[in-house]
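Given below, in the form of structure tokens, are the structures.
After this come two complexes, each holding subunit A, first together with subunit B and then together with subunit C.
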Partner chain A sequence: MITPEISWLAILPELGLALGAAAVLLVEVQWKPRAQVLGMVVAGALTIALAFTVVQWIRAQDAVAGAGQLGDLVAFSRMILMDGFAVFGRFALLVTTAIGITAGWRLIEGLGRRRAEALALILLASAGFSIMVSANNLVMVFLGLEVGSIALYVLAGMTRSSSTSDEAALKYFLLGSFASAIFIYGVALIYAGTGQFEILAIRSFFSAFIVTSPGVILIGIALMIVGLGFKVSAAPFHAWAPDVYQGAPAGFVGYMAAVAKIAGFAAIARILITGLGDLEVNWLPVVAGISALSMVGGSLLALVQADIRRMLAYSSVATAGFVMTGVVGGATSGVLFYVAVYALQLVGSFAVVAAVSGPANSASSMDEYQGLATRSPGLAAGFTILLLGMAGLPLTSGFVAKFGVFSDAWSAGYQWLVIVAVLASVLAFAVYLRVVVNMYMSDAEGPTLEVPDTARWVLMIAAAATIIWGILPGSLLDLASSAFPL
Partner chain B sequence: MVEPILFVLMSMAALAGAVTVVAARNPVYSAMGLLGTLFSVAVLYVLQLAHLVAAVQVIVYAGAVLTLFLFVIMLIGVDKEEHWEEPLRYQRSFVAGMAGVVVLMAAGLTFFTDFDWVPAAVGGTDPSRTIGTVQAIAEPMFTDWVLAFEATALLLTIAAAGAIALAHYRRRPH
Partner chain C sequence: MTELVWLVIALPLAGAGFLHFAGKYLREPLAGWLASAAIGGSFVVAAVAAVPFIQGGEHGTAVSLWDWMPAIGASMEILWDPLSALMALVVTGVGSLIHIFAIGYMHGDERFHRFFTYLNLFAASMLTLVLAGNYAMLFLGWELVGLCSYLLIGFWFTRPTAAAAAKKAFIVNRIGDLGLMVGLMLVFTTFGTLSYTGIFERAGDELTSGLATAIGLLFLVGAAGKSAQVPLYVWLPDAMEGPTPVSALIHAATMVTAGVYLVARSASIFELSTVAQVTVATVGAATAIWAASIALAQRDIKRVLAYSTVSQLGYMFLAVGATAYVAGIFHLMTHAFFKALLFLGAGSVIHAMNDEQDMYKMGGLLKKMPVTAVTMGIATLAIAGIPPLAGFWSKDEILGSAFERGGWFSVLWIVGLVTALLTAFYMTRQWVLVFLGQPRWDEGIEPHESPRVMTAPLVILAVLSVFGGLINTPLRLTLEHFLEPAFELVKLQHPPEGVGMFILLAGLSVLAGLAGAAAAYLAYNRSSDEWRGFEGGFEPLWGAWEKAYGVDDIYGRVIVAPGKRAAEAAAFQFDIPIIDGAVNGLGRVFRDLGEWARPIQTGYVRNYGALFLAGTIVVVIWLVAGGA
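What follows is the complex of A and B.
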């Protein structure tokens, strides 16, 4: 009798999320409760999952310090990991999920009886992306990617009353399926070339052998970069981002974009830096090119947008480019720090968008932000902090994150990329400043804005995190730097 | 000698079916093209000794999934007028040209360079691993790959919840 190798601790966070999703659906069917009750079930599931990631974190740090076995961190027949990198990624995902649900709460309440499905889909998406950040096997990466993405396609189409939401969901679904197919083709070619699905085994393969004609492996790497580049909306695979960010319900967009970015970059960092680090001469120039194109193209296009959501979409393309400089620099922890910090700012920004133009609405013209400072001073102040954080102003967390990845890319010998990145940062600065000027320097139109409490909390947390980690980055930087992959 | 001949025949049939899927104007023909592709790929699986996968391919895909497709096509209506104006002109010919370039490049790589399709096949020749019986597949599926197997359960839950979330919407009567 052969028994599978099971270590529960490694999957308890995902299990918590999945059981939470099941509980939400069953509670809804059985009792049809008020939205707050479902919210409490979700909060319980997220708390349990977070608690288990803390346990995993302690276990991982002990193992690295020599108090435990490093092999204990590789679980389920080497399918899934709980090294520092995976656990930090999981933690960032769970926090983003909690804040994302809070930010979208008004929308979820407004969905009527469909709110249970929406909450379950959010939890399952997070479970999928959580598998993706901690997978050691390329098949598991793909499964996590699909579980997460398919749930996001549905979330993009949740507000059925507007056709833009349907359009966003359909576009996201069609293009996303192609990207996933391209990714899995890349995985298949890597398997053909190395005979391995495991990221750690692929690393040992390339440190043991020199492949004389690696053509098929190179095609595989290229296809995987395309597939994952799509998920993090890096140029030139970003075409879906503006339409989806604009069309999907504002209450969900922040969450959708943030978790996809965290998981996508965690997978990119683990596959490229850890798994294929020995082949970096081959992929570094490609990733550097994508990075430069995303930064410059994203910033330029963001500058000319008349809709704030499209602006945020293009600025997230630019941010994907900035994070990619960290991949070029080989900085796994820098990449993770940047996306974790950016995820909060993104969720906060879309909480503002949802508060200003309605959580289910799809058009969010820049004009609506004119004189926002007089219509709702708190909202404008919080949004300003988040925008400056995204721009990377000193004394915000965005600056620390950018400085980290840029310095790594510089010492990796990619000085030209850092110069391009700094120039693009200046450009991005103009993008964000335009909104700030719009909010403060023009006359108010319309009445005082009614801001929901949930949006206020989200904004306060995100803005506080942006400033605190900007002035005292030590605590999070320490955490991120001990979050290296095996 | 049977193997390469079958391989070439079935690959060509699979390609022809795939082209039919995208090129046919009548969706029923597209579905039939898909059926051809699925069957030919099933034969290719048999050539690789993956009997169970071949059987599953025929039963699940050619049987169940394709029937579902046909149902949907019939429900929507086969004889409806379709708009065939392309928003981007020469889109199809451009795609066909690109496909030709890719095929030519692959052929060039294969025949004129030292390109190696399987550069470092380390595993794979263990005969017990290449026989795709039910047992040979079930064992790894429920031991080494059990987590991947369970993760697909999340996909099914998402499919159910997502279908309800999207279809349960009712426009308020005004």
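What follows is the complex of A and C.
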């Protein structure tokens, strides 16, 4: 009898998150404690998950340096990977989760006895997406995607009192299911064409064989691109984003958008660049097209929004396009760096939105930001830094991120895409500057704003990260560049 | 001390940061004094760090702060050489005086502390520009000063004209920035780095003259945008909508000279292309006479000074185009003194006249505000080129250098000489209209001399305008020796040698200055009917000058298409002007595009599903068809 060797380390972070979710629910049922106690449980689960992630990182670096077996990084019956890419993605997810919960803390507190559900859902969503970034098997990618997405659908409708929130949740769910179905169909077609579910095995398949009539495989690739493109809200699969960003409770939107982007792009990069790299002549033009459409369309539509959350939604469509230039350039580390940096800025921005228009509110008109610099200079300054970071101004992390993916796409021969990207960046600059001008160059309406301490902390961390990694990008760039996939 | 030179940038930056957060808790004058202390401290640091250059023989040192993006040679590094030291001293020195003046000028403004936050932020940005050790950092400063200028022109954003002026400055500067950006890309692809030291030492070996011409002309586009040269000068007169200290600091003494600095800093590149040199000089001379003629007929006290600034910047371009870099920088410095003084004096007058800016409604202010009148009189003589005031020495060195270079430059020399005559005329006209003659004030205005906090900077600047030129006279070339290490890689153009030639050339330009001044005095020191008749005698030329040749109209008609003008008119009535300030004319086209795409977002899931499906089909067909 053969006992399969099970490397528990590979799934310990996810296990920690899932058990944490269960613990939160049990503690709530048994003791009905104050919110702070639940917060401690969650913090414990996140700390454990982070600790194991660090262990995984060290092992991955050792293995690459020759101190261990590279094969050990493919674990759990070849389902899960512990390579630098997966671990970096996990790490970014966990940090985003921690900050996202802090940003939404006022909302969570306000949920009353249902706060444990919200916390459990957040932990489960992160566990699912964490599996998605580290999966070696397309079915595992799908499982992670579904675990994460379903939790997000529920989170979008968490404030049951508001009908817009319900509407957002339902829309997200319907269209999301549509996308998931398309993705899994694509996986099935890939299996039909190659007989493989494993990403690494698919890579070997294509380096060993030349497929003379790849029709089925190409349709499979197209469907997978569509399914994942939906998750990262790339145009033209973005239609849900503005409605959901606007309708879902402000306290959660930043987190929801950020983790979906991290996981989605990790999966795109892994599947396309690692698994299907030999077929890139086929998918590169399509991805470049989606990228260009997202950048230009997203920036254009962001320009005309009167609601700041819809503006952020469209700008995240544009950002999806910018990150995709990195996919076109074959730069896995550039993609990861960009999404990691952007995730923080997104969570921070929605912390501001939640502070200005109330955490459970839907809709945040641009007018509410008039004269914010007078009503709350700290909030305005922090938000300005984040906006300039998203715009990619030099000396912010956004500039370093953009520069990285653009130069990769340039050297990959996609000069036209880089030119489009630079022009779209100029356009996007106008989008963000509009908010800054609104905050600084108009008269204040309304009284001084009370900002919750948690939001202050989140904003401070996000703004500091934006500036520090903009001025001294070396540390994070080194980290990201050693986070390559197997 | 050189290692601490980063403090020059850090002090005003810290001032801006502190004022942003704590400003509203500070009582009024305190915020202003703090900002002044920040930039004053910066001046002290710069002065101390510049001592080795004054003692002579010292070369520039690069002070590396940290690696930013080493891949493109873009470290955060400061190049502390005589040129950047001089620029830093001018920016912080004149800047400090203007900060102090603004304490009095902005008295009572609701957003007093915000104004000083922006001023300090501007100073930090400008210092980043001039102290940069590579083009990447220069570009960063270049963009930041543009942003600050935009914020400060539109400071009184409730005035629609101020918002429109801010917008105009922003757009025109974008055009210039595009040129600079493309130029920098060329530099980077040629040298593989953006670092000054790497580029200038290798320029002679690795740059073909064609490439040098291309880079030089692209840099000129950038410089013309920032320094308001023909044909991109149109934003500067409108920029006078900003508070007067802003006009003095940004739109006279410092930011607008960035283009001159860029050319001087890139001397090693311009050295390789005569075409680029001649183009720079020609653009400069053309701007000088063009703007001077417009200044003749302006009625608004600040617009005269604005066109005068454009014209004087033209002189500086003429100088650096003729490779007389020292002369150009010298004039930059003296101009900073007397033009800042003129603007602050104008601010003092406007302040006293309850925001009246029309010179036809002034007159007879000499007795009411003697300090302002005398100091502005000194500045007027200085800019008119009357010896031994500052403007005489620097302008004469420029004209002498152009004369000595000969050929086409002789033509430019004559243009410069005529401009000197016009300059003396319109400046004297201004002084006479404002300070002499009978009062023509509106009812209820009681002019008074400004408070000490405003007059003290005027007096200091007046002293500098008198003696500032003495640091570089043909008898004693102190500035030349000071700047020499910064230009040792290039050949400098000098005025002709010999006492006879000097007296001849100087005599000619003094004669031009005196003639202009005398003509203006005789024409305007009379009753208003008489000088109105004098002006009428020049019709239709006078009308053309007064309307600035209608260039704005032509730009509006030719460049801004009729349809967009309709949108513009609608926007000014319906849209909040300040939002449009950010979303400029070009942006509006994109906005319309965005609006057109908006109906897709219906809110119905079935429509989203249909869009999704359509997208999926396109992707599938594209991929499969592409693979076949």
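Just so it is clear, the second predicted complex is superposed on the first by the 481 of 486 C-alpha atoms of A that agree within 3 Å, B and C clash if a C-alpha of one lies under 4 Å from a C-alpha of the other, contacts with A are read in each partner's own complex, and residues count from 1 in each chain.
Here is the rule we go by: contacts are C-beta pairs under 8 Å (C-beta built on N, C-alpha and C of every residue); 3 or more make two chains touch, one makes a residue touch a chain.
Small disclaimer: the values here were computed from a predicted structure and weren't measured.
In the superposed model, A:L19 makes contact with neither subunit B nor subunit C. Once chain A of one complex is fitted onto chain A of the other, the partner contacts of A:G215 extend to both subunit B and subunit C. Once the two complexes are overlaid on the shared chain, A:E117 sits against subunit B while remaining clear of subunit C.
Contacts of A:I80 after superposition: subunit B is touched, whereas subunit C is not reached.
With both structures placed on the common chain, the touch criterion links A:V27 to neither subunit B nor subunit C.
After overlaying the two complexes on the shared chain, residue contacts for A:L50 are found with neither subunit B nor subunit C. When the two structures are aligned on the shared chain, A:I468 is found in touch with neither subunit B nor subunit C. Note: residues 214-215 of subunit A belong to the subunit B contact set and to the subunit C contact set alike, using the contact criterion stated above. Listed in rising order, the residues of subunit B touching subunit A in the complex are 109, 113-124, 139, 142-148, 151-152, 154-155, 157-159, 161-162, 164-166, 168-169, 171. Here subunit C touches subunit A in the complex through residues 20-21, 23-24, 66-69, 76, 114, 136, 139-140, 143, 151, 154, 157-158, 576, 578-579, 581-584, 587, 590-591, 593-595, 597-598, 600-601, 603, 605, 607-609, 611-612, 614-616, 618-620, 622-624, 626-628, going by the rule given at the top. On subunit A, the positions that touch subunit C within their shared complex are 170-171, 174-175, 178-179, 182, 214-215, 218-219, 221-223, 225-226, 230, 236-237, 239-240, 242-243, 282-283, 285-286, 289-290, 297, 300-304, 373-374, 377-378, 381, 393-395, 400, 403, 427, 430, 433-434, 436-438, 440-443, 471-474. Subunit A makes touch with subunit B in their complex at residues 2-6, 11, 18, 21-22, 25, 76-77, 79-80, 113-114, 117-118, 120-121, 124-125, 127-128, 131, 137, 139-140, 143-144, 146-147, 150-151, 153-154, 157-158, 160-161, 192-195, 205, 209, 211-217.
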